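Read through the structures below before going on.
Look at the two complexes coming up: subunit A is in both, with subunit B in one and subunit C in the other.
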Partner chain A sequence: MRPGLETETTRYLRARARFGPLEILFWVVAFSTIWLLPTRHLILTETVIWGLFALSLDLILGYAGIISLGHAAFFGVGAYAAGLLAKYELINEPSLALLASALAAAALGFATSFLVLRGSDLTRLMVTLGVSLVCFELANRYGDITGGADGLQGVTVAPIFGLYRFDMFGHVAYIYCLVVLFILFMLARRIVNSPFGLSLKAIKGNPLRSAAVGIAVNWRLVAVYTLSAGYAGVAGALLAQTQAFASLSMLSLERSADVLLILIIGGTGYLYGGILGALIYRLLQDYLSDLTARYWQFWIGLLLVAIVIIGRDRIGRWIAPVVRFASQLGRRPAPAKVATPEKGG
Partner chain B sequence: MAPVLETRSLDKRFGGIIAANAISIAIEKGARHALIGPNGAGKTTFVNLLTGMLRPSGGEILLDGAPITYLAPYRRVRLGIARTFQINQLFADLTPIETLGLAISERHGSGRDWWRIVGTRHGVTEEIGELLERFGLADVMTERTAVLPYGKQRLLEIALAFACRPRVLLLDEPAAGVPEAERHEILTTIAALPADVTVLLIEHDMDIVFGFADRISVLVNGELFVEGAPDAVARDPRVKAVYLGEAFDG
Partner chain C sequence: MLTILFDGVAYGMLLFVLACGLSVTLGLMNFVNLAHGSFAMAGGYITVIVVNRLGVPFALGLVLAFLLTAVIGAVLERTLYVHVYAKSHLDQVLFTIGLVFMSVAGVDYFMGSSQQFVQIPAALQGQFDVFGVGVGRYRLLIIVVCGLLTVALQFCLMGTRFGSRLRAAVDDQRVARGLGINVGAVFGITFAVGSGLAGLGGALGAEILGLDPTFPLKYMIYFLIVVTVGGTSSITGPFLASILLGLADVAGKYYFPSLGAFVIYTIMIIVLIWRPQGLFSRATAR
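Entry: the complex of A and B
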């Protein structure tokens, strides 16, 4: 073998999964808001939850190429699960309840994953939409359990680990949500850099060839869909716990559409898109509703059209120099390049 | 010697059209077997049947004597049948390193591993390096596949199938569409494939077939028309009549 080829390969694969300076900066800034922006914690909590929800969608859309217009089904199931667990004091400790809610949403994800295996994007759009509508109407119909149109009332959430009670300013809630987001983000990051994650990207790129290199395409899709549903369930549960409330709007089509919008604004397939999208969305919403209280969605709509028309690739090229510059700042001096003899030499 | 891959009266019908009619072919272990035939003879259909991309309407496919007729494509790959495609089927957004790493990980069964970082398993990067070298892809190993020159994409197409370490490798017109200048590299690469890998070559170009194969099957209208050693097939007047025609007179 050409000398150094294996080393170069190893280095390339390591660099692929390494934390860049921009990433580290991102999380430092995110956690510093705990101290720097104490008056904004309520709105930031909401943003973090949207970010986690959009991250869950990114796992299927950005990595496996499954488009969904019904992701709120899992969000809502997670929310109602957390709400009911707290209301009836079945699982009092919030982080355990979070886990249980994630499992409930993941179970629904697993059960419905088989419906999205086949078919085109349009089929998947319709099937996911259908599933979420069914969930919505079930929650509406069984109002004696879910509270129906009035929402789930009388939820009291116990202190986290029995120690930290949710305060009225939302400080504890924000820290709680941010920590959950961080943990789940790092887990997702690990997963997408694994052989499993690579196989998802392959399936997204070319399912036919994926099968021809020995990938059990359907089972991988089932796995990631289930995972994504679990993530969405956690997001929903966080909202229910921090607001001590669950409602039909958490299952609604509008929520499914919003999360798709947020993810598209932030960009798919690099994990940060969901969080950045949520941030941009919230900031725009704030800024624009100051400007034109009733018509702020006009501008969101315009932005969406602009992003889609301009295209991800072109935007990526515009910001590429910035990203490259930033990642060079933090790089250790490159090791001397291995001399590469001329081909055939 | 026992055949490694064998079909017994394999049929495939699409509605009223017969794409494969009672095809029985045995491919010997280590063979350099070529499958030729005019356009629409059913060559690619036959490959799709062998790899499980199509379900046969009748007949049997045996790998080492065991039936695999209705096995899912990915299972056949794991049993040792890999193929290339006549029209590139690659992962546009992955680099050659990632593409080969993917196939190797899958072969190791670590494709379900969601915790390990790609390439940290022992021996993976070494094998990626070997494959890059063997298929002349080292110079472009960190480029997105979508931007590679066509000839390199063709090489990656073969490298990807080879990374599955198949016992039987099906090459569907490996040099199709490759400019004359880059053709040579592909042909030398194919000629240098290890002897213990059985190769079934589907090809149009007679120079390639007769330079490579030690056995040739001729398909016409979905049926096995003639089979034999290259010189016997070349001399066969019926073959000349239906297929080779001018290519041999010239």
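Entry: the complex of A and C
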């Protein structure tokens, strides 16, 4: 950036991109769990994966306003890709396999993004749902490759970088997932705080006007949808690698609905929502299934209904002052992390 | 061949009765109700309870399924749905998925997760031959009942005062309000009737579609296909769409059992891309 071009916009973007004390605290706490909670690593691994998956949905829902009811398609494709790569020893090194799985999911995302461009919310809902159902049927149909209803078995995952072998307590797996989440989170954070991210918010606000001020609406949406699909693919691949298993449930409608719920619990449009939502969801799930083993879904449903009836923006308003207060504890005035209430999802 | 045609039409008719309520609510209030299948399931379980446990005749069980589901629909509409109409589509999706989760778990809790069967009177079981074509009695009943309902619905919509109010409200809600039509009341009644029809469909279809707590999730996509392919501006669009879907599904399962539901989903995506407004709807300015 040449010095003369320090405009209001770049100043704004830089202010947004600054790290607040809460954010730093968040990641310090997250990484300290490696030493502080060694007995909970299995459950935390799952939480991290859900968090990454919800983060991927936040990219399209919170920033571009695309409602998807079929995001599990990319999660499942990533999972199956990672599982197959490991099973047939095509790419042994897990982090490379992760990259390959992300590319596979992103390719599907790119191909189907053109279907999502057109139409209203309902059409998008149906198309995303349809794509995930087609993937589900394909995985079910080609059982000789995917293992069908029994799931993909016999997956053995090689050590990471040839050095760190996955242990049965899940310590290595947890550190691996957490590092991947951290890297991808920082990447996403960089992206949404760039002019590109800002243009996505504009498109979400009003596609017609954004087109009028010269934003290439369709290509931006294609780009973010592809990116989001890649992220979801990584989440799926992580699950497949840490569990050495891939199953049809990773492609199911329930998974798409669950990830939407997780994101909504945590809040959309500020990236941390997915991770916080995954944490709350896991705790709730544990608590509720202790309470009523088979019927915890009822309470999740009730929670959803309650969230909508109370109003998501109102909940956001309750939390916002807390966050703002915490941010002001630091010297520099950091931007509020909870986004302003979103109208029109 | 003809048997497949017959079964397909019966299946399609059933889908129409199940989904027509959804198409009207979607068209009228632009409300995405994913919980429509829950009403169908409620109708099915009501029939199971009153026919199997209380010994009520099957025909009366169907009527009860319609009435009770309509009452449930009306109550929910007035208490909960009303607050969600003005919200975004995302909120509507979340809200109705929440209702689906609740209904699935609730039914599981009270009725168990196993498949339920309605005791059908002996006179309706079996099949008879017409010119060498096997005609299932129960499927014939479905075609007759659903056919009559379709005609009645078409008459209500086109021939009565309520129908013209409803059509006016669907076409342009604001102008309809301006003309003194109580859109909220029209919608409440329509929602109740739509839910009742779904309940009736669920009761009739328990034999063919199966009835277990996951019913709303399993058939949600079918209802949505009917509505999106058929469009929401008329009743004939969804009707044709359901018949087509029924035929395609039955024929697909018979001729290409290995492909499963793959064909239908692909067709749906193509139709949505080709004509986002629905296959049988006139282009509207909205």
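Throughout what follows, the second predicted complex is superposed on the first by the 318 of 345 C-alpha atoms of A that agree within 3 Å, B and C clash if a C-alpha of one lies under 4 Å from a C-alpha of the other, contacts with A are read in each partner's own complex, and residues count from 1 in each chain.
Note that contacts are C-beta pairs under 8 Å (C-beta built on N, C-alpha and C of every residue); 3 or more make two chains touch, one makes a residue touch a chain.
Since the model is a prediction, treat every value here as computed from it, not as a measurement.
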Contacts of A:I175 with subunit B and subunit C, given as first, second, both or neither: neither
So, does A:I191 touch the first partner subunit B, the second partner subunit C, both, or neither? first
By the touch definition at the top of the document, which applies to A:T9: first (subunit B), second (subunit C), both, or neither? first
For A:L42, is the partner it touches subunit B (first), subunit C (second), both, or none of the two (neither)? neither
Of subunit B and subunit C, which one touches more residues of subunit A? C
Name the contact category of A:V213: first (subunit B only), second (subunit C only), both, or neither. first
Touch test for A:L99: subunit B only (first), subunit C only (second), both, or neither? neither
Thinking of the overlay built on chain A, is A:E137 touched by subunit B (first), by subunit C (second), by both, or by neither? second
Who does A:L260 touch here: subunit B (first), subunit C (second), both, or neither? second
For A:L22, is the partner it touches subunit B (first), subunit C (second), both, or none of the two (neither)? neither
Of all the subunit A residues, which ones make contact with subunit B and with subunit C? 343
Of all residues in subunit C, which touch subunit A in the complex? 26, 32, 80, 83-84, 87-95, 97-106, 108-109, 217, 221, 224-225, 228, 258-262, 265-266, 268-269, 272-273, 276
Which stretch or stretches of subunit A touch subunit C in the complex? 61, 67, 69, 115, 118-123, 125-127, 129-131, 133-134, 137-138, 140-141, 253-254, 257, 260-261, 264, 294-298, 300-305, 307-309, 311-312, 343-345
List the residues on subunit B that touch subunit A in their complex, please. 51, 53, 72-74, 77-78, 82-83, 85, 89-95, 97-99, 101-103, 105-107, 110-120, 125-126, 128-130, 132-133, 136, 138-139, 141-142, 160-161, 163-164
With touch defined as at the start, can you tell me which subunit A residues reach subunit B in the complex? 1-2, 5-6, 8-10, 12-14, 16-17, 190-191, 193-199, 201-202, 205-206, 208-209, 211-217, 220, 223, 343
